[in-house]
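After this come two complexes, each holding subunit A, first together with subunit B and then together with subunit C.
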Partner chain A sequence: MKWTGDLAHFPYPFKGSTYRYSNNSIPMKQPYCIEVTSSYKKEMLFKRKLLSDHPERCYQSLPHSITGQWEIVEIVIDHLVSQYPQDFSIEQENNRWIFTNKILDEKKEFIFGEKNSLPCEPLFFISQHVQEDLIYMRQRDDNLYLDAGQLCFPANWSLAFNIGMKFKSIHHPIPGFKEEGLDQRILQFLMRLEAGTPWERLNWSLMAGDRLDTSLETFNQWGRLRKQVTSENAGELVHIRVEVQKLFRLPRTNSILFSIHTHLLALEQLATNIEWLQQFYEILSELPDHIVEYKGISTYKKAVLKYLEKQLQQVKTL
Partner chain B sequence: MYIEPTLFVRVSSIEKITKQVKKFTLFPETGKELPRFSGGAHISTYLKIPSGLIVRQYSLVSHPDKRSNYEIAVRLSENSKGGSLHWHQGMKVGDRLQISYPKNHFSLSFKARHHVFYAAGIGITPFLSMMQDISTNRQTFELHYASKSEESCVFHSYIKKHYPNQSHFYFSDQHQRLQTTSLANHPIGTHVYFCGPEGFIEQFRTASIELGYPILSIHSERFSPPKPIVLKAFQVKIHNGITINVSKTETILEALHKHGIIAPYSCQIGRCGTCELPVLKGRVDHYDSFLSDEQKEANNCIIPCVSRAKSDKLVIEIK
Partner chain C sequence: MSMDAVFIEGKRKYIFCSDEHGLRVLSSVFENVKKEKLAYEWYHFSAEKRECLEEFLSKQKMGTFLYVELPYSELHTVQMMAKRIGFSSDETQYFGYGEKWISIFCCRCHELNRAEEQQTGLTCHQCELKLEVSDHYSELYHAFLGYPATG
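Right after this comes the complex of A and B.
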């Protein structure tokens, strides 16, 4: 969602002066899979509308994912309650749970582990309380499969298309991933993920516009804005899109929870930090064509570079 | 050095279940419940004794959904170097220790049509939680369990009571022998699992391979003792350039960066694999948790944020 917080807390994704695909995961300092930001209420309403208007686009699951879904309910509630005790609470009496969301003024009672005690699947239920998209990667034998997911804010991909797919097939569209053996190495890393040691990584992209719901299915609605970018309007129109992605081993099903929190920042805001402006300009100028192409920046890269140059000029003449 | 996150627990009961095996119940010290786990999972236990830290792995034998406590079963081994001896003689109710989060390197196959477990002696332990998982997800299994005698057979009455139709016992004092020939009797799509002494596992693995079981249908569990880290200084030569010294207290990655050499990295704890570099010469002392055993044995790459040199010099390639 459009960044409304303190710029110093924006998950700025760059280090160094070049960017290449690599496993940039690091162990988390604060081991929580979710974060509540100042746009919580607005995003929850939007997310719920998407979930009810477009359930097949935003929610998919395979039948054997139910135990894992309960595990996600358990970990998400645990993290909400321990991190934001003033906003969320849980009463537990054996398997009878009462979850309270004070921000939305909601109370929900259910029997943990009993599907019929909720009006929807467990993952669907809990995803209505967090800004993150939640993906369940089931470990089956020597591979990971996307066995369930709630996805409202995708960066140009389709959950309905990817459901049931293996880790490597999901990453097949990324140029060079397979050729460089990166997909195998990341899979090897994920297979060794341990409970108690969660990881996070930042993924970034540029987009024309400020839509959170940029699904592959609705490309025709938001993709055309790319053609309207000029060096004059880039500061306002173009946004850097950063996903904070978190990886947790779920010990009950020996599977993985992948949570994605999406943040958008207009380039004009990014440019207010001179170091960021300089670094981002260097990275974008040097970015290899195959990455530019994959991230969908080709049509307006020149305009953005020109905009950034102008900003840098201004800084230097000040 | 990286130390994995741990949970603090206390021993709440100790029960002698056979002449050589004791069962320990561990409950969380903080009052917060313990994580659930999956069938076949184990924990590492960290015991502080005057002569140092003892780290041992034990399978969890309690129910995977039970969060109030964990149970492990420890056999006093004849040539114990301190681990099981301390558990048996030093441990008292109320003692405090650290344990890892549950891990699973011996999980049930998802695609198996039928599961067959072969256990010898204390090797039964990982199968207890696996059998519990299978009975709830309605798959089929059999257990073949060899022991010296009925008295020394760990969890004998429990297994007989809960899995009367699936379990088969072999007591050597009654001249019953568990033989590899039974491997030939399982239907296509069966996955086999072995746990017990090294020789037992090897014998059954070899026999399964000879019978034509696909490698991915054969599962076994071995607990490897933790590797004590040897900190000595050595040299690293970049294939087309300079030679740098790596002191006792720094990592190769740190030494490279100190010399202005650009080497990628991310986690710096030997897990993400981002810093991997090719090795052209010299012997590597692997300390990472990223490379597989085969990759480590090949000795042609290194994870420089944690691993070191066995030889005095390593030649590595940096592009």
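Right after this comes the complex of A and C.
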């Protein structure tokens, strides 16, 4: 899916001329866990199709996550309604809630906290109204566990495999993460996360193609495009994939909501901003091999660099 | 998984689950339980009775302690079952014998495949995707993740 919004609103992820793994979280300026963009309708239809065609791949939960799931329903609706009052509304009469989504022309009535008043689990229900993937991390015994999640647009990982997993185990595949003590530091940071003070961070990667659903399960469908990248087609084919990740403490269950909003931008669009072009070229040229390898860029990094060089030369001769 | 079964005092009941080959590690604890005249029950395990075991374990009351000695190929399933039912790690001791298997979770179809401990690659027996064994481990499945094999 292509970036259709204003380029100035693209969550461009880079600072400086090098990139390393670090805790790059910052306190949020606007404390909302969701955002509605111009591709809302298209993405919602796509997400719902994935949820109904591949429920096991896109949705997982453990039995004791239900209370936390309701807390997510509450915070997401609250943020939708306060940020976009023209598009979403909620009527509450005791525990009887009527949620209206005007963009999709839908009205949903349910009893808050009453599982049987919805046709599906609470997290599944609310995830059908937001572009974000929603992950529920439960805190117990000084640890965080992935106890429920709705994930339609993963960057090459499997929710079904990761269900029930501890924070550090989830991050086990990332090279250097443990060795540098980053996993422990980030875990400590998350355990200290306070209600009312949410944080956000940007994660980035490159991909061949413009699919949002790059799940590990479907790797054989989208992974082979990597081999087709050339310096001629890179501008169109290769996309920078940026995840806006937000972290909210849920006070009642003392758990964490981790929301992921994925944005894709073709390199040719990125290259229209000359500062971005120059900076991204420097970062990619310098990027350590283990990060290049982990992000899956190895096969086509050379082609992308060549493409970026060409663009830079054109700018300089103008 | 520890090497020797350790007698844990003060439980309301002791369950021993094993097949006819796997009584070596449990016998000393069993002697202890008998000597002290504590409540116990043997569950004679066989692969066909796997589902009955689930029913049997579900019926046990709080304070029951579970000792299991089985071939490695069966042990993980029983471990997962007991965990699902609600036996915590302080209420169980597991001992494996025989050939040691590991489970590989297929990244495409989620099937658990058996592999030998040193094995680095395999073909998923359900969806036939070629898998590369990783060291990414799930305690819930007791399995390592199999990624799509490259090259």
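A few comments on the model shown:
Keep in mind that, in the parts below, the second predicted complex is superposed on the first by the 317 of 318 C-alpha atoms of A that agree within 3 Å, B and C clash if a C-alpha of one lies under 4 Å from a C-alpha of the other, contacts with A are read in each partner's own complex, and residues count from 1 in each chain.
As a convention for this text, a contact is a pair of C-beta atoms (placed from the backbone, for glycine too) under 8 Å apart; a residue touches a chain by one contact, two chains touch by 3 or more.
Remember, predicted model here, so these are calculated numbers, not experimental data.
Touching more residues of subunit A than its counterpart among subunit B and subunit C is B. Of the two partner chains placed around the shared chain by superposition, subunit C is the only one that A:Phe219 touches, whereas subunit B remains out of contact. In the superposition on chain A, A:Asn162 makes contact with subunit C only, not with subunit B. In the superposition on chain A, A:Thr253 contacts subunit B only, with no contact to subunit C.
Looking at the shared chain after the overlay, A:Pro119 reaches neither subunit B nor subunit C.
With both structures placed on the common chain, the touch criterion links A:His172 to subunit C but leaves subunit B unconnected. Contact residues of subunit C toward subunit A in the complex are 105, 107-110, 129, 134-141, 145, 147-148. Residues 4-7, 35-38, 41, 64-65, 100-104, 107, 109-111, 216, 264, 266-267, 269, 271-274, 276, 289-290, 292 of subunit B are the ones touching subunit A in the complex.
Contacts from subunit A toward subunit C in the complex involve residues 56, 158, 160-166, 169, 172-173, 216-220, 223. Touching subunit B in their complex are the following residues of subunit A: 22-27, 71, 138-142, 185-186, 188-189, 192, 194-197, 199, 251-254.
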